[in-house]
Amino acid sequence: MDILRVGVIGYGYWGPNLTRNFFELPSSEVIAIADLSKENLERARAKYPDVVLTADYKDFFDKELDAVIISTPPKTHFPIAKECLLNDLHVFVEKPITLNSRDAEELIDLAEERGLTLMVGHTFEYNSSVQAMKDFIDDGELGDLYYIDAARLNLGLFQHDSNVLWDLAPHDLSILMYLLGQKPISVSAHGMPCAFEGIYDLAKLSLLFPNNLMAYIHVSWIDPAKVRRVTVVGSKKMAVFNDLGIDGKIKIYDKGVEAPAYTNGFNEFQYNYRSGDITIPKISYDEPLRTECQHFIDSVVNQAEPKSSGRSGLAVIKILEAAERSMANDSTHEVLEW
Amino acid sequence: MDILRVGVIGYGYWGPNLTRNFFELPSSEVIAIADLSKENLERARAKYPDVVLTADYKDFFDKELDAVIISTPPKTHFPIAKECLLNDLHVFVEKPITLNSRDAEELIDLAEERGLTLMVGHTFEYNSSVQAMKDFIDDGELGDLYYIDAARLNLGLFQHDSNVLWDLAPHDLSILMYLLGQKPISVSAHGMPCAFEGIYDLAKLSLLFPNNLMAYIHVSWIDPAKVRRVTVVGSKKMAVFNDLGIDGKIKIYDKGVEAPAYTNGFNEFQYNYRSGDITIPKISYDEPLRTECQHFIDSVVNQAEPKSSGRSGLAVIKILEAAERSMANDSTHEVLEW
Amino acid sequence: MDILRVGVIGYGYWGPNLTRNFFELPSSEVIAIADLSKENLERARAKYPDVVLTADYKDFFDKELDAVIISTPPKTHFPIAKECLLNDLHVFVEKPITLNSRDAEELIDLAEERGLTLMVGHTFEYNSSVQAMKDFIDDGELGDLYYIDAARLNLGLFQHDSNVLWDLAPHDLSILMYLLGQKPISVSAHGMPCAFEGIYDLAKLSLLFPNNLMAYIHVSWIDPAKVRRVTVVGSKKMAVFNDLGIDGKIKIYDKGVEAPAYTNGFNEFQYNYRSGDITIPKISYDEPLRTECQHFIDSVVNQAEPKSSGRSGLAVIKILEAAERSMANDSTHEVLEW
Amino acid sequence: MDILRVGVIGYGYWGPNLTRNFFELPSSEVIAIADLSKENLERARAKYPDVVLTADYKDFFDKELDAVIISTPPKTHFPIAKECLLNDLHVFVEKPITLNSRDAEELIDLAEERGLTLMVGHTFEYNSSVQAMKDFIDDGELGDLYYIDAARLNLGLFQHDSNVLWDLAPHDLSILMYLLGQKPISVSAHGMPCAFEGIYDLAKLSLLFPNNLMAYIHVSWIDPAKVRRVTVVGSKKMAVFNDLGIDGKIKIYDKGVEAPAYTNGFNEFQYNYRSGDITIPKISYDEPLRTECQHFIDSVVNQAEPKSSGRSGLAVIKILEAAERSMANDSTHEVLEW
């Protein structure tokens, strides 16, 4: 194919951003948009008067599309994605890929059988700051990693059919597995419904990765400050990715502590602290979503496994399921099987 | 007594601050200072040429002192405090009061029997910003509290005979119990030794208070950024105490979320977010340590129970002990008995 | 007319933003876009496949347009705007309206004669934070104003046919006159070419307004930090509009100083400082550009004088001309005649 | 002499800090303190019970002192310093050294004749961050300097016998001359009395240094935010000294702009922006005042010219005098003769 012909399913909160990118990228074309809400379709019409608009995505199946972009409420991801795969369309689906691992596995198998691309929207894997952080880690600049601490906090957006774990934690889980190139061994989680009964709006996860590396995730829909931060602490240096940073998004701290070679005779260790320069590296900014959309196109065209493949979406789901079990069970340590 | 005659035991990191305050307050006088290190005594001599200096605090017992101020390594708190009480001296001891609850109880009993004041250095109970936060909570300005999240992070100072839990968490535990006027029901904790084997330099605590109020504490000796923050989230407003704030230390956020009265018929709740003004109240600054030292003097003179009494020190110790059990035991929920 | 039919002239740096807004607003329609650069027209085509694209804006004159939106290099503003007015088109032109006041007056006269709307793109007059600041001033909340201090700094964007005065100062001049509802009495200016000979990339202006109110403007293309700040100091309160503020864009400081009623007898006045709460008022955010575009449409439809009329554009030009004379003449005080 | 015997004259706002340092430094001893206020003497007694206290500094002259430290209201600097020099005492005097250059010259001559040290309290010349900035400049890391922009703003402290120019600008003037190792060629200044008639509480200075280097100073007693900032812009890099910086006080920006080698044929230059890493170098912190006090002691002992000699104090006064003439005269450019 020369140009990927895509249909967008779901034009609510996030769909417009995906649509804009696929519309503007030269190697794709948005042929049709589906949404249940008339109002959303009106908004789409104002921007894209030539695109086919419909309330029913099944109308896509006779449009000679190559791929669909699914950005609907999470519980509809599975049935829609499945139907699209069965209609031989490549699928890009927003995170979380499905609401349970069984469904995710079914989608993966289906895509594989039919030779279709299945990609999940883990945007941060296409973020140049996250990429820079991964490079610092892989180059050994931080030394051996001790732990990673991630926080993603703000007020809202509450969703009645989801909770903060399924809404926000996929971002951090996909970041962690991408940064480390590994999957966690176990997870323990604690959640709390604050504003409304039964809706977890605060959650804290502890994940054990190989080599005793711990990772912590704090997500909240009910915090006064907006926070988007990942701290990586290593034996040589420490680094922070603050997506809201003003001077720059990554800070590298030349900081550490070392055991003393000797004691001072009074039974007092003299620890050696190293507190050197702080560097804010220049990272060229590309819109991560654009990079992601282009990657989907390339994956389809080259029949290559995307970075954020269905399998990577499944890994996130398996951790979320285990975290939910842990949350329901007094924060038990749930071992993950891969 | 007209003027409290005090002796200071321990002139290392924190002792000089206590000494300066008792020296300058008009209702107390520093008569003597004891420290094992010659170097520390030299530093004391440069500032206070008239004060008696000694390597052995037992020399205090014939100096007609009223009280001692103990700021020595934690493991020595108990034997020194006990000996001073037995010599009929009022005791101010730095946190943690002791290394176990049995010892703390013994000190409390001893002080009670002998009619002596026993106070522990929970400085933040004398901090005007913490006091302002307590007033906001007590006045109902924040509504019903959902949770409190506290973080106390930085690089160092490692201590070979302590860990980050015993070193930093007492601050936050005393703040929490002071703010809420209640003791926690249970605690669960997770700790990690990063830089050195066997020394926990990162710890996370979850505490359940009455009325399902949760409190979280994150303390670390091994974090790139210095953080001193307590976030209080209520049903009406949210507040943050940032001890490093530039414009002011307390921010009140008129933010919240409410359930909708109706749904829009498409099975979509429309949550009502309230995101109003942010206020940074003017809080007059007094050096908390000075307030604390004056409170000790007043408690002795008036034979009144100090705010941060031995019992409040004991409460902190009991939580720390339970947290250690939890840390050693896969983050079990440890019920606290009061 | 039902829907304003507009043509956009200039699709370089800023034109795409104007185009997007007029395209999306329901009461206007973008019929055609003109630009000399093929590359820019390609970018326009990717977004707006149905819009007529041309290298020559004269092609607009047979398109039954109602209005043109001019966002071309400043030196072309006058000839293009004039020609469009002569072709009976309403004109929205970016700031600075022209490169000299004579030209601006000619445009104003021409528009008046022909009953056409002439509006200049002083975006900040449509910014909700600037509006809020004006309300605080007008309501007397700040008391009598002492001075206003504005800074607009960053690195770049250098333009070879302009300088920092003509590029950035129009924003602050239009903000000042809008906030105060008055024109300055005199101006004194200093400029400096740093990076390239003959191109002023740093300028400082001092403006005297009625009632001895002073206003200072600092603009720079060659500063390490990005700054967008307007400080307003009054006798009762002080306020800062920081367009890059994280918590909010406006801060109101309840701060001031008052003379003492008496002296202490040692010839020392005891000034009374008032340093109360800081408030960050919630200001609902609307894209200023959208508000501005809608205002242009409304002004045309209602045949009403726009807020940022040609006359307001002319006022800015007259100040810039006087500032240039001052800069060329050792910062003389140039009196402005209105 | 083994140990410098000093007397402190003036124990109000700043005197206690000087006293503390001379008291604690091992090579000096505070023998006596003079102050007109009983209250101030009480405060001194509480800290230094052994030091001689007096209302009249003339009592010092029979105390076998080596030096005096003068920290009294500016208008008393000259008579007190003169009398002390006449009594063969080395003199450390706070800035501004005197209220006019004639008096400063008389002090300088007097000290020279009698072989006495005369030093003025330009603290920032002893600040390790300012020193680091000077090193960056001298090492050529910033390239050729374009300009320096300094701001020193806050609310208060108003003084009835001074103004903001004489109170705050000496800091920045001494920093500038120290950083550049040069004196300015001319100065132009603008001042404004806001809160009280006749008291300038806001001032802006423009200084021309050799090589067309411009320096700007903005000082204010009536600004909502506390600002302590010096920006240095060079052809290779830019640097900011922010004395209130949280991560660190100096930031080096690898930023610049270069002219293009060619144009793109459409009469549009393509400037090359360089926007690289930002570095916050680790600068070891020493209390500048302690370094300054030690430097005074060393200068006396070694009979060496101090960095902030009387001559450097005189240079500041001459600029202040010229700035006042300029302020009184519509911001004329006042040429400085050295």
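A, B, C and D are the chain letters, set down in written order, and residue numbers restart from 1 in every chain.
Heads up, the rule we're going with is that contacts are C-beta pairs under 8 Å (C-beta built on N, C-alpha and C of every residue); 3 or more make two chains touch, one makes a residue touch a chain.
What you see is a predicted model, and the numbers here were worked out from it, not measured in a lab.
*Asks:* Can you list every chain in contact with both chain C and chain D?
*Replies:* A, B
*Asks:* Taking mean CA positions as centres, which chain lies farthest from chain B?
*Replies:* Following the centroid criterion, the farthest chain would be C.
*Asks:* Centroid of chain A to centroid of chain C, CA atoms only: how many Å?
*Replies:* It comes to 40 Å between the two C-alpha centres.
*Asks:* Centre to centre, by mean C-alpha position, how many angstrom separate chain B and chain C?
*Replies:* 53
*Asks:* Can you pull out the residues of chain D that are in contact with at least two other chains?
*Replies:* Residues 251, 275 of chain D each touch two or more of the other chains.
*Asks:* Looking at the complex, which residues from chain B come into contact with chain A?
*Replies:* Residues 36-37, 146-147, 149, 155-158, 160, 188, 190, 192, 194-196, 202, 204, 206, 214, 216, 221-225, 231, 233, 235, 238-240, 251, 253, 255-259, 266, 268-269, 271, 273, 275, 330-331, 333 of chain B touch chain A in their complex.
*Asks:* For the complex, give me every residue of chain B touching chain D.
*Replies:* Residue list for chain B touching chain D: 23-24, 26, 46-47, 49-50, 244, 246.
*Asks:* So in the complex, the part of chain C that touches chain B is made up of which residues?
*Replies:* Interface residues on chain C, with respect to chain B: 247-248, 251, 254, 275-282.
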